[in-house]
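First the structure, then my questions, so here it is.
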Amino acid sequence: MVRSPFAALVRRDTRLALRLGGGGAVGIAFFVLAVVLIPLGVGRETATLARIAGGVLWVAALLAALLSLDRLFQADYEDGSLDQLMLAPMPLEQVVLAKTIAHWLTTGLPMTLIAPVLGAMLQLPDTALPALVLAMAAGTPALSFIGAIGAAITVGVRRGGLLLSILVLPLYIPTLVFGARVVEHALLGLSTAGVMGLLGGLTLFAAALSPFASALALRINAR
Amino acid sequence: MSIWRYANPAEFMRITDPLVAPLWGAAAVLLAVGLWWSVALTPDDYQQGSTVKILFIHVPAAMLAINTYAVMAVASGVGLIRRHHVSFLVAKAAAPVGAAFTAIALITGAVWGQPMWGTWWVWDARLTAVLIMFFFYLGYMALWAAVEEPEKAADLSAVLCLVGVVFAFLSRYAVNFWATLHQGASLSVAEGQRVDDAFRTPLYLMIVAFYLFFVAILLVRARTEIRARRARSLRLQEARA
Amino acid sequence: MELVLENLACRRAGRIVFRGLDFRLAAGEAASLRGPNGVGKSTLLRVLAGLIPAAEGDARLGGISLARSRGAFQERVAYAGHLDAVKPALGVAENLAIWAGLHAADPSRVGAALERFGIAHIAGHPAAQCSAGQKRRLGLARLMVMDRPLWLLDEPTVSLDAAASALVAELVREHCAGGGMALIATHIDLGLGGGPVLGMAPFAEAAETGGADPFLEGAW
């Protein structure tokens, strides 16, 4: 086990999310439930479901990621842990990065792992499933990184969950477009490499921007 | 004497005071002339009939829908870097104006598109991008409204605005990309590249008029925001005394 | 090492909380921070913890400037505020072990700290079951797993009984004996005896609002 402050913080947040009331499991349950509702709403024709599967999975993933975001910093802000984290022997940007990674480990990663099952239920052909998993793996970190910015901005707003969704959902649009497009390309038998590159690039960009923007917002909120 | 002294609230109020009336006047005159010219003096389009005249409103509104956000981003950046309070308030004052222009662009787009496409809404890349823009304005305004303390609200919404401007560009690119697969009707006629000479002058006139109107209303709104802040500060001072 | 406050000022929500604060704290000293409610004691401690930016002036800790290198300054400071930063979902020992891990402290110090604060017997219990006093003690135990020369304590004895308060005083004395420093906002006498006192008086704002709120400047 790595014994660095950074790893300790990732472990702490992962553990907190997995504990009862941490919200990690609830987010995944929401993801599954949202996807299961779709065939009940739009009907069970194989062609229709396969056609919309990529978009449905991505929209559900956005909403599920959003659900757990409002606790990302707010719980620590409310009980004083954030003050202590600001004094930890690492820059606040690293604190944000560690917490965001923990968020992804407890939302994006399990969603990625369960996505092929849900994809198959939505009648995606087996040939499209690897692309779906790859797209989720490459794209869901962007959801955590972008979401962290919104969570940091709204950390001081009481019942900021609704505000958070208004701020963050528009920022999720590029991720949604590229993510769903990978699945669509796979479904149509087109090459996915180009779109996958765009999606990965977007994630890297979000990863580079988010720690600085989020730390700035957290510092403003701590005053 | 640096230009930053204009960012002092009292100084800003003093200097902008004589500008308000002339700006309103110029905007009103140009808007009146532009409207009359574009409605009464231009011919009907041989395909679109008189519907084409909506574009005299739609095009300048769509331009301002995008550019207002740029104004907000610049003001937010200046505010964050130079710590000038007026700058934040200019950004705050611009947001509802930008949202209104975005709404006008969307509505006029729908009204123009209905007879063209037989439907009120098409998922065209440009229309969709403008719709997304509307949500960026909405989020920015919601944040200002939700944070109690104005100094915090100013800093936080500036951060949001700057992050937003990056993602607005990304969204625009993503939406263009998205539209290449789901080919819808194209609005390419709408944005003035293929505008006939007879339409060009009144269109330019309308664009200038809209920009003047924007500056005038932005100034008035910024002055109102500054007054509101002063009123709040005075009340707080009174409560402490 | 020495803590020096020079002409320190803090502005919050458009008003000056304090201004022109000068103070000096030598290694091995524990100072009490005194003043009526609302005078800005908590704000000063948060400024010194680097959580709120100072409007003017500077604080230096062993030559490190808060204004110029906040990160390095913060790494020499431990702060215990009104909130205990205790996670109810985690166990008592687990709570402290996390902070020990974050500060790369030897895990064995967790048990020692719990022992010292008299909460070792509930080490395995969820922190949700702790009383207010136990939570406070768990929060203060964090000081023992962080090696920080300057302790900033904001009313550390709130919800503590006499015995636990005496324990806090004892810990502060030990910390100072080892060359540490402490600045403690408290309304009771901790019995530290003879340390310097930083007294804060209400700021005469009516006379001096200059620079506090740009929206009050000038006449219009």
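Which chain is which? They are A, B and C, in the order written, and residues in each are numbered from 1.
Everything that follows uses one rule, which is that a contact is a pair of C-beta atoms (placed from the backbone, for glycine too) under 8 Å apart; a residue touches a chain by one contact, two chains touch by 3 or more.
The model shown is predicted, which means the values in this text are computed figures rather than measured ones.
Ranking every chain by how far its Cα centroid lies from the centroid of chain A, the top place goes to C.
Comparing each chain's Cα centroid with the centroid of every protein Cα atom identifies chain A as the most central.
Chain pairs B-C and A-C differ in how many C-beta pairs are in contact, and the one with more is A-C. Annotation: 32 Å between the Cα-based centres of chain A and chain B. Inter-chain centre distance (chain B to chain C, centres taken as mean C-alpha positions): 47 Å.
Taking each chain's centre as the average of its CA atoms, chain A and chain C sit 36 Å apart. Residue positions of chain C touching 2 or more other chains: none. For chain A, residues touching at least two other chains, in rising order: 223. Residue positions of chain B in touch with at least two other chains are not found.
On the side of chain C, the complex with chain A involves touching residues 12, 46, 49-53, 71, 74-75, 77-79, 81-87, 89-90, 98-99, 101-104, 139, 142.
Interface residues of chain B facing chain A in the complex, by the touch rule stated above, are 132, 135-136, 138-139, 142-143, 146-147, 152, 155-156, 159-160, 162-164, 166-167, 170-171, 173-175, 177-178, 181. For chain A in complex with chain C, the touching residues are 3-5, 8-9, 11-12, 15-16, 19-22, 76, 78-81, 83-89, 91, 222-223.
Of all residues in chain A, only 146, 149, 153-154, 156-157, 160, 163, 166-167, 169-171, 173-174, 177-178, 181, 184, 198, 202, 209, 213, 216-217, 220-221, 223 touch chain B in the complex they form. Across the complex, chain B is touched by residues 13-15, 205-206, 209, 213-220 of chain C.
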